[in-house]
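Here the chain labels run A, B, C and D in written order, and each chain numbers its own residues starting at 1.
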Amino acid sequence: MWQRYIIEASTYAQSIDHLFLLIAALVGFWFIVAETVFFWLIFTFRKKDGRPTQHITGEEKHLVRWITIPHFLVILCDIVILVPAIMVWYNVKEAMPPAEQTVRVIGQQWAWSFQEPGPDGILDTADDIRTVGDLHVTVNTTYHFELESRDVVHSFAIPSFRLKQDALPGRTITGWFRPDRVGTYDIQCTQICGIGHAMMAGRIIVETPQDHAAWLLHNSNPSAASEPAAPASQSGSSIVAEVRR
Amino acid sequence: MSTQVHHAEPGIFQKYFWSTDHKMIAMQYMFTGMAMALIGGFLAYVFRMQLGFPNKSVPGFGIVTPGKYNAVVTMHGSIMIFWVAMPILIAAFGNFLIPLMIGADDMAFPRINRLSYQIFLVSIVVLLASFFVKGGAFGGAWTAYPPLSASGAYNLTPAGATLWLVAVALEFVAFLLGGINFTVTTMNSRAPGMKMFDIPLVVWMIVLASVIFMASVGPLIAGAIMLLFDQTLSTGFYDPSRGGDPLLWEHLFWFFGHPEVYVVLLPAMGIVAEVITVFARKKMFGYKTILYTAWATGVLSFVVWAHHQFVAGIDPRMANIFTVTTLLISVPITEMVFLYIATLYGGSISLTTPMLWALAFVAEFMIGGVTGIFLGASGTDIYLHDTYFVIAHFHYTFVPIAIISVFAGITFWYPKMFGRMLNETLGKIHFWGTVIAFNVIFIPLFMTGVAGDQRRVYSYAQFAEQARPELQHLRTTSTIALLVMLSFQVIFLINFFWSLRNGKRAEANPWRSTTLEWTAPSPPPHGNFAELPTVYRGPYEYGLPGRAEDYWPQNDPS
Amino acid sequence: MSTSAKPIANERHVTGIPTARLITWWVIASEIVIFGGLLSVYVMHRLGHPEWAAAASHTNTLAGAFNTFVLLTSSLFAVLAHKAADAHDGPRAAKLLRLTSLGGLIFLTVKGFEWTHDIHEGYVISSGGFWSYYYTLAGLHGLHVLAGMIIMLIVAADAAKNQELQRVECIGLYWHFVDIVWIFLFPLLYIAR
Amino acid sequence: MTTETHVHHPDYVKIWAILVALLIVSVLGSMSSIRPVVLAAAFGVALVKAFLVAKNFMHVNVEKRWVPYLLVVCILFIVILFAGVSPDIMKRSGLHWNNDAAQKAVESGAAPSTPKNE
C-alpha cells in the first residue's frame, strides 16, 4: 500500500515506514474509539421532552475513573510509540555505519552541487568529480554525505530514501544513506530558500557497481587536476561575501 | 442604563474610534480580524489555484510567479495566525467576555486596552503597506529563517522583509498590553463572591493564553530586534560568516512558536466549553481537572519547541529529549478532549448552530491531535518534516481553532453582542458547507504529504516523483474544495449583516445560560450591568434535581 | 469624556494587591523574559567565542561603574519617593521623583559620551559579534531608562498635586527593575573578559 | 483608590551605602589579574546587589507570596531556553556537525573588527 505512494530505495526507508504504520495503528484505534463514543453520546442524549438532564460534577471517584483509566492507557501508548521512534531516530541520525564512500553535498541558491571522490576514493583531491544536479552513487554502498550551504538554509531531502537534513550556512552536517535499489530518484530542497525554491531539484542516480565504474571512468576529468582542490566551505563563505556587496 | 454617573454617552467619534468601552474595542478587534480573514482567505485561494491548476492565470490575481507565490504563502501564514486567530480568539472574545463574565463594568485599564488596539491597527497598516513596496511583500515564510530573511540579497524583498518584521513586533506589543490587561482584570476585578473556581472556563483559558504568550514571546522580541538590526544596520547576529548563527533564530522563533499554538488553542477550548455546557444542559465534567490539564499543557508547551527542528541541524541527541516531552504533552490534551466528550453524557443535547460548531470542533480537532503524533515522533518526522502532511496536520488544528470555534463563539454570543438572533437555517447551511468542504480540502493533502510533496513550492514540474498525475488530481480536489468552502462564507456574511437589522430581537438570556454576561441586557449598555452582580456559585449549574428551572444562574441568591 | 473617571473594575482588588501595582508586576515579569532572552543568548555566544574578550577589553569599566553608582543612587531616591507617597506627602515625592529622573539623565549622558568615544575608535554596532550585542543590550536598556524618566516626570506632575500617589510606588518598582538589569549588564559588558 | 501602606520603611540610605560598597568591591575585583577572582567578584556581587534591591527597594519580601514566585518562574523559563539552545549555539561541534564558521572566527582571533561599509 505504501509503495503505491512512494518507493523505498534505502535501507532505513522501511524502518521509518513501519514506524509510521505502528503509530497509525495505535492512534487510529484511539481516534476511532473516541469518535464512536462521541457520536454515540450525541445520539443517545439528544434532546427528548420530559427527560431531565443529570447533574454530574465529574469529581467523584467512580466518575474520575472514566478519565484516569484512558489517561494511563494513553501514557502506555505514548511509551509504545516512543521506544521505536527513538530507535529509528538513533539508527538514522545518531549511529553512523562506517563509510564505504563519502560525498560532499553543497546547497546554494538554487541548485544542489556535489563533490564526489574520483577513482582514488578520497575527497578534496585533484581527481574529484564536481557535478551539479545529479548525484551518482553505487547501489548497496554505505555513503556518508557532508552537507554544506553557501548562502541560506536549504534542506537536503530524498523522499525515496526517507532522507531529510537541513543544510546550514557555516556548518558541516554529516549524515549517511545506503541505497538498496537501482534507479533514479528525486532530490528536493524542502526548506524555503528564495524565489528559486521550486527550481532547486536534483536527481540521485543509483547504479550498479559496473555502471558507476564506467561513469567514473568517463567523468574523472583531467581539467580537475589543474584547479586547486579547495574544500567548498571556504569558497562558500567568499561567495556569501560577494553576494552581500 | 448604568447607574455609574461617569458613564456619559459619548459622541460618534468617541463611540466608534476613541472608545475605551471594552465591548466597542472587542467589536473593533472582531471586525478587523474578520477583514484580515477575508484577505488571508483570498491569499489561500490564490496559491491553491496555482497548485490546483498550475501556471494558469488566477482570476482576480493573474499569473502567480515564484516570487509572488512565496509572498502569498508567507502572508497567508502570518495573517491567519497573528492577525486573525489572535485578535478574534483572544482580543475580541477576551475584551467582550472577561468584564461581562466576571461581573465588572469594564477592563481594569480601559485606556491601555484602547492603546493595545491602536497599536494593533498600526501593525496592520504596516503589514498591508508591505504589499506595495519595491520588491513586494516578504517571501521568506512566516518562520522567517535567516539568512534568507536577514539579507535582501537572498530574499529579494528587502523592504517587505523589514516591514513584515516591524508589523509582527508591533502586533506582539499590542497583545502584551492586551494580555496583561486581561490577566490583571480577571485577577483583581471579579464580582464579589466569585472565587477562583467560579470563573467560567473561557475566561480562564483566555487568561492562561495571555500568560503563556507573555512568557514565551520575550526571547523572540529580543530576537526580532536582532533580526531587524541584521536587516538594517548590517549586524551579523544570524550571519555565520560574521560570528552569528542562523540556528539561533530558529530556536528563538520556536520557543515562542510552539507555545503560540496553545495560546490560540486554549481560548478555543474555552469557547467550546461554554457552548457545550449550555446546549447539553450539563455541568462541565471535571471543571477542575480541565483547569489542571490546561495548566499542565501550558507549562509543558515551553519544553517541546525543538520538535519543529528535528532535522534542522540541531544536535541529534537533543531530539530524543524533545520527542519525549512532545509525546508527554499529548497526555493532558487528550485528557481535556476526553472530559469534553464525557460532558455530553447524561445531557439533553439540542443541535443548534453554535452547538454544531462546538461539536465539530471536538470531532475535527481530534484528527489534528492524532496526526501530530506522527510529527512529534522523531523517527517519522525525518520523512514527514516540511511535507504537506505537516500542513494538513496543523490546519486540522488551526481551522478548528481559528474558524470553527470562532463561528461557535460568534453564533453563540451574537445575541448578546448585537441584541438580535441569527438565522438558524442559514447558520446550518453555512455550517455543513464549511465543515464538509474543510475535510475535503485537507484529507487529500495528508496523502500528497505522505507521497512526498514538499511545502512552499509553487510548482512540482521539476520533481518527477511529485509531478505524477494522480498526485495532481489530489491537489486539484483540494483546491476545488477550498473554492466551495470560501463561497459558503458568503452565506455567513449575509446572515451576519442581515440579522444586525432584521434578526429576531434577543432577550437578555436566550439560551437560558448560567453565566453572568446573560444577566446583563442584550446588548449591554456602557457599564454593562444595572447594578453589578454578586456571585454565589460556579458557572455550570445545569439540571440540578429539585429546582423548577434546569439552570441556576451564578448570581441567583436563592 | 468617559475615560476621565476610572471604572469600578479598576477600584477592585480581589487579590489584595492594588490594581496599579499588580499590572506593574506583570509588566516587570514580561520584561524579565525579554531581557532574559537577550542576555542568555549573549552569554551563550560569549562563552562560545572566547575571542570576544579582546573586544570587550575596550569598554571603559570606570564609566560603567559610575553609571551603576548613578542608577543605584536614583533607585534610592525612587524608594524614598515611595516612602514620602505613603506618608501622603505628594510634593516631596514629586521632588524625589524628579531627582530620580535626573539620575536617569546623567546615566544617559555618560552613555552618550561612551558611545561617541567607541564610535570614534571605529567600533560601531556592525563591528563584529561583541559590539553588536554591546550596543543592542545597552541600547535596549537605555530605551527603558528613557521611558522610565518620561513616565516618572508625568507621575511627578500628578503627585505634586497629591493625585494618583499609588503610581509613585509603581514607577519606582519599574525603575528598580531597570536598575537590576543594569546591575547584571555592568559585569557582563564591562568586567568579564 | 486604596494605597494602604503595606510596608514599614527600613533605613534606605544604609542599604544604598551597602550597595555602593559592593559596587566598589566588584570594581576592585575587576582590577585583579586572576580570572576566577574577577568573575566571582563581578557576578557574585551582582547577585547580592540584585537581591538587596529586590528585597528592600521592591519589597518583594512583604509582597504577596506568589509575586516572587511569578518572577522566579519567568527566570526559570529563560533557564530552560538556555538549556535547550546552548548545545547548538555555545558549542562549536557536536554529534555529526561542526560549526566551521565559528571555529574559524575563534581561531582567527577576534571576529572582523573593522566597520563593514554597506
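In this section, a contact is a pair of C-beta atoms (placed from the backbone, for glycine too) under 8 Å apart; a residue touches a chain by one contact, two chains touch by 3 or more.
Only a predicted model underlies this, so the values are computations on that prediction, with no experimental measurement involved.
Peer 1: If you apply the touch rule, which chains end up adjacent to both subunit A and subunit D?
Peer 2: B
Peer 1: Round to the nearest whole Å and give the separation of the Cα centres of subunit A and subunit C.
Peer 2: A distance of 48 Å separates the two centres.
Peer 1: So how far apart, in whole Å, are subunit B and subunit D when each is placed at the average of its C-alpha atoms?
Peer 2: That gives a centre separation of 36 Å.
Peer 1: Take the average of all CA coordinates in subunit C, do the same for subunit D, and state the distance between these two points in whole angstrom.
Peer 2: 15
Peer 1: Give me the residue numbers in subunit D that touch at least two other chains, ranges are fine.
Peer 2: As it turns out, subunit D has residues touching two or more other chains at 74, 77-78, 81, 85, 89, 91, 95-97, 99, 101-102, 105, 111-112, 116, 118.
Peer 1: Where in subunit A do residues touch at least two different other chains?
Peer 2: 93-94, 169-171, 173, 237, 244
Peer 1: Return the residues of subunit C touching two or more other chains; collapse runs of consecutive numbers into ranges.
Peer 2: 10, 13, 15, 17, 29, 32-33, 36-37, 40-41, 45, 49, 126, 128-129
Peer 1: All pairs of touching chains, please: list them by chain label.
Peer 2: Inter-chain contacts occur between A-B, A-D, B-C, B-D, C-D.
Peer 1: Under the touch definition given earlier, write down the residues of subunit B that touch subunit A in their complex.
Peer 2: Interface residues on subunit B, with respect to subunit A: 65-67, 69-70, 139-141, 145-148, 151, 153-156, 239-241, 245-247, 280-289, 310-313, 316-317, 319-320, 323-324, 327-328, 330-331, 334-335, 337-339, 341-351, 359, 362-363, 366-367, 370-371, 373-374, 377-380, 382-383, 385-387, 447, 450-452, 454-466, 541-545, 550.
Peer 1: Taking the touch rule as given, give the residues of subunit B at its contact with subunit C in the complex, in rising order.
Peer 2: Contacts found on subunit B: 4, 6-8, 10, 14, 20-21, 99, 104-112, 114, 176, 180-181, 183-185, 187-190, 214-223, 225-226, 229, 233-237, 242-245, 248, 252, 526-527, 532.
Peer 1: Would you mind writing out the residues of subunit D in touch with subunit B in their complex?
Peer 2: Contact set of subunit D toward subunit B: 73-74, 77-78, 80-81, 84-85, 87-89, 91, 94-97, 99, 101-102, 105, 111-112, 116, 118.
Peer 1: Please name which positions on subunit A make contact with subunit B in the complex.
Peer 2: Within the complex, subunit A touches subunit B at residues 5-6, 15-16, 19-20, 23-24, 27-28, 30-31, 34-35, 37-39, 41-42, 45-48, 51-59, 63-64, 66-67, 70-71, 74-75, 78, 81-82, 84-90, 92-94, 109, 151-153, 155, 157, 159-160, 162-171, 173, 184-186, 188-201, 203, 237, 240-241, 243-244.
Peer 1: Please give the residue numbers of subunit B that touch subunit D in the complex, ascending.
Peer 2: 215-216, 219, 234, 236, 240-243, 245, 247-248, 251-252, 255, 302-303, 305-306, 313-318, 322
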